[in-house]
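Two complexes are shown next, each including chain A; its partner changes from chain B in the first to chain C in the second.
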Partner chain A sequence: MTRVAIAACGIIPFTRNDQSIESALLESAADLFKSSQVDRDSVDAVLVSTNSNSKYLAPILSETAGLRPDTAHTVENLCNSGTNAMVSGYSYIASGLADVVLVSGAERYDSPGQVLKWDRSRGSFMHPVFWASMLAKSYKRRFSVSDEQLAMVPVKNHRHARDNPNAISKKACSIQDVMESKKITDDIRLLDCSRSCTGSASILLASEDAARGLCKEPVWITGIGQKTTSAGFTKNESLSSLESTRIAADAALHMAGHTPKEIDVAEIHDAFSVCEPMALESIGLCGSGCGADMVKHLYDTESRMINPRGGLIGSGHPLGATGIAQAVEITQQLRAKAAKRQVDGARIGLVHNMSAAGTSSTVLVLER
Partner chain B sequence: MTRVAIAACGIIPFTRNDQSIESALLESAADLFKSSQVDRDSVDAVLVSTNSNSKYLAPILSETAGLRPDTAHTVENLCNSGTNAMVSGYSYIASGLADVVLVSGAERYDSPGQVLKWDRSRGSFMHPVFWASMLAKSYKRRFSVSDEQLAMVPVKNHRHARDNPNAISKKACSIQDVMESKKITDDIRLLDCSRSCTGSASILLASEDAARGLCKEPVWITGIGQKTTSAGFTKNESLSSLESTRIAADAALHMAGHTPKEIDVAEIHDAFSVCEPMALESIGLCGSGCGADMVKHLYDTESRMINPRGGLIGSGHPLGATGIAQAVEITQQLRAKAAKRQVDGARIGLVHNMSAAGTSSTVLVLER
Partner chain C sequence: MTFESELAGGRFCIPECISCKKTVWPPAPRCSHCLGRVRLQDGNHTGTVIEFSKKENEYFCMVEFGAARIMAGIKHSPKVGQKVRVCRCGIRDGDYYFEVE
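Let's turn to the complex of A and B:
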């Protein structure tokens, strides 16, 4: 099978700006072309990932960016739209239908993807914070974890975000700040939540032959795992673990031929504080029930191994852009171009992106 | 490369019903599973094509249809969303990421994809009928074609639709009926237009190995061509031909190793009457300027070679379902299962699906 590389990246600051989705997409694509030697005529496909209700965005991005691709369309799957579009781009190249694919994700702060209208399992409580609250309560009870321990996730990730010039968060916070922030439910406070925002990120995928001509430091997609278990979280096998993440991570690591211990740096989908330890366990980066301990260790040692750009909580969460922004970060880490955020010697990276209470997950393994 | 087959099909009647998009998707998928021996556990990916603003439809369809796929997401590119999703399904299989992919398209009669909000080239005239009107005027002037000649398209296609139990149109019309139907613009009358409607169609794609186990009569996707030239029709190279269709058809026929003359049966994207002769020319099924003559010949000889199910004008045009419904028809034709609509001895078929004044086109070649 053709190997597939990440040959170039583009990203814009995540903000609360009232920017159009078309303009955000164009800006991150322009950043990608500005920072690479890519000939626009070489782009065979343009995939846009977003939850926006705007239609025909891939041809619009193509026209505004000066591209005339063969394939152009939008991919949507709520919060893991971005990695779904990347996996589609991978398959277009690995199948031989394309050599070079631009994958651009964007969202506005007022995205319609933030309200789960179809899932009536929580009655009229349609915002994701309500499922996160149930996961948090279940996780805390099962593993005797305190609110203060979970609060280390946002403290750590806001700290990391201070070294990410594109993050929406600019200031550090303490465990006390998290505990004193507004209580939204019994188990979730304001600072436990990632913030919806306006943002965009782009990535250029290329076949091995094309990548060699396009860039000096290709980063290879060596592992892909995806799983959809259901559409509503009440069908999850447990409220304190992430089944779709476990299955996707196993598949991605198997495909890449690696064990979780070999991962040097990872972007984890911390939509809410509790998601980070749950995902660490489900991916196998620590044992079941040890996620909060691993977070404490990362916190105490100031390790940047997990969510070096600040995760969703620190960077902001522009839904359709998030998975691509995660991959941009890991690419920069593997190229040793992550500036103050750099994890020394990072060689094997992982991206974990999920949707709707972990009913869908995507895991990617990237290597330089 | 792995060969990719259409192993099963499902479709529901196209109506003006107020059915939810989730229910329409499930009904056509259920029809597919009912009419085949497919084990639901074998489905590796579920791709939904639609212009609906509803989110997370692929996991919702998966859960309601009893599927737990690896990959699940929505594909949108206005009117050729359906064939875009099929091409993605093809690439997932040809790349080795999946063996069996369910592609389900659906739309409601009130789809938000029917108004082209981004394209300000016609000022406040945002409905597709206004670009179709300009194409019709340009085509008629360039090739000295009369309104009566173009009216043969809807007369022929409504006639075909009478033998399609899933078509929205149930009655034949005459050239006089078309000419006397309400004038919407100088060049387009009501009966020149395809009708927006509620509908759904599903197709199961499979690798060669999987297809052999799933069905007796696989139909192979032997040619794929796609092209996006722009997002707004004012950038088309001409108002009387379809550049994206020409490029996509050339690529698809080249990949399949066929000439246009070898095509036995074709579904053509007749969103408006003028689109059919323009597409026939751009695909190469007749010479430039000869589309109206070819339509007249088909009309006079009662040939069903073009749009045997009634095309978009006769069947109805549920945007995200249309490309898949076209592929379902060609599959039934190649399997000699098209009942009264059957084109005798059809062996090589073609699907032509496009968006937004032909700024994007997809062409597929199918063979038994």
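Let's turn to the complex of A and C:
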């Protein structure tokens, strides 16, 4: 089986702009090709990651970007559509069906992917803020964690986002700002939430042979782990840990031959504040119940190890683009091209992307 | 008679598998264990509050009825472990709603 590399990246600023999904996709793909000088004729598959209801987006992106792929289709899996599309692209290459795959994700601020209508067990509490409230309350109760401790997540991630020119957030915030921001529920404040926005990110995957000709600094996908435990949020056995993330991370790290301790930099799916400590624990980056302490330690030591681009809370969360934007960040980190966000000497990176209250997760290990 | 048609009439009847008797949740036309057909159990289930929060002045909670869990509204401040029953439920503007007490 060939190794699979990330050979090029493209991304556009995340905004609240009223841009069409087709034009957002084209912009991040154009950024990828313009910044890399990759020959567009080399692309033999195009995968689009989105929750948009617009149809036939991969052929549309191919036509508008001047690509003539054999294969072109959409991948949808709510908030982890992006990494699912990357895993699909990886599989095309590993199987020999394609050598070079463009994976482009995009979403608009008004995406229909924000609410999973099928999950009727949520009753009239359909919006993600309700599952987030259950997780936050349960996590705080189990580990005796305060709202102020969880508020450190947006404080850290908004600070990181200030050095990310593509982030929607431009402003640092304090714990007091978080605590005084609008109370959405007893357990979630406005600044605890990632924002839906318009954005797009693209990544070019290539077989080992193709990558050598396309770029000087390939970043290798060395580990992939995925787990789907259910679709309905009320099926989550635990409300204070992320079972799908734990299984996906174990699988990805096992495939890459690494332990959590060896991870230098990671993008974590902080859809809401509480998701970051829960994910850190479930991946094994810290012990059970120690996630909030780890976040505080990262903040106090000005470490950029976790969510250097600002995570979802700081960068914004254009669902279908998020997983790809996370992978773009880790790629830039491993190439030592992350400017002010750079984690010195980063060699091994991790991407954690999940959907619908952690009912499914994808974890990728990337290495230079 | 389906979960949804009963719910539309204000009755909360948890479906179970005719073959293996397991609870089928969320409601579906077939059992996810054995793919058998489904029937509705009589209503009046007693559930347990397993978590709760509050939006403005309205409490909401996750309630467990054996293998079935729902998100429901509740009038008074709930406690984890509290026993409750569905007192009002139905379909409003196409969306399900559940209230427990």
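Odds and ends about this structure:
Following the convention adopted for this analysis, the second predicted complex is superposed on the first by the 368 of 368 C-alpha atoms of A that agree within 3 Å, B and C clash if a C-alpha of one lies under 4 Å from a C-alpha of the other, contacts with A are read in each partner's own complex, and residues count from 1 in each chain.
Basically, a contact is a pair of C-beta atoms (placed from the backbone, for glycine too) under 8 Å apart; a residue touches a chain by one contact, two chains touch by 3 or more.
All of these numbers come straight from a predicted model, not from anything done at the bench.
Contact with chain B, but none with chain C, is seen for A:227 once the two complexes are overlaid on the shared chain. When the two complexes are overlaid on their common chain A, residue A:138 makes contact with chain C while staying clear of chain B. A simple residue count on chain A separates chain B from chain C, and the partner touching more is B. After overlaying the two complexes on the shared chain, residue contacts for A:288 are found with neither chain B nor chain C. In the superposition on chain A, A:130 makes contact with chain C only, while chain B stays out of contact range. By the touch criterion defined above, A:238 lies against neither chain B nor chain C after alignment on the C-alpha atoms of chain A. When the shared chain is aligned, chain B comes close enough to touch A:96, but chain C does not.
When both complexes are overlaid on chain A, the residue A:37 reaches neither chain B nor chain C.
By the touch criterion defined above, A:185 reaches chain C but does not reach chain B. Comparing which residues of chain A touch chain B with which touch chain C, the overlap comprises 232, 235.
Of all the residues in chain B, the ones that touch chain A in their complex are 1, 22, 46, 51, 53-56, 58-60, 62-64, 68-78, 81, 84, 87-88, 90-97, 112-113, 116-118, 224-232, 235, 248, 251, 355-356, 359-360.
Against chain A, in their complex, chain C makes its touches with residues 25-27, 50-55, 60, 62, 68-73, 80, 92, 95-98.
Residues 119-126, 130, 133-134, 136-138, 141, 184-188, 232, 234-235, 239 of chain A are the ones touching chain C in the complex.
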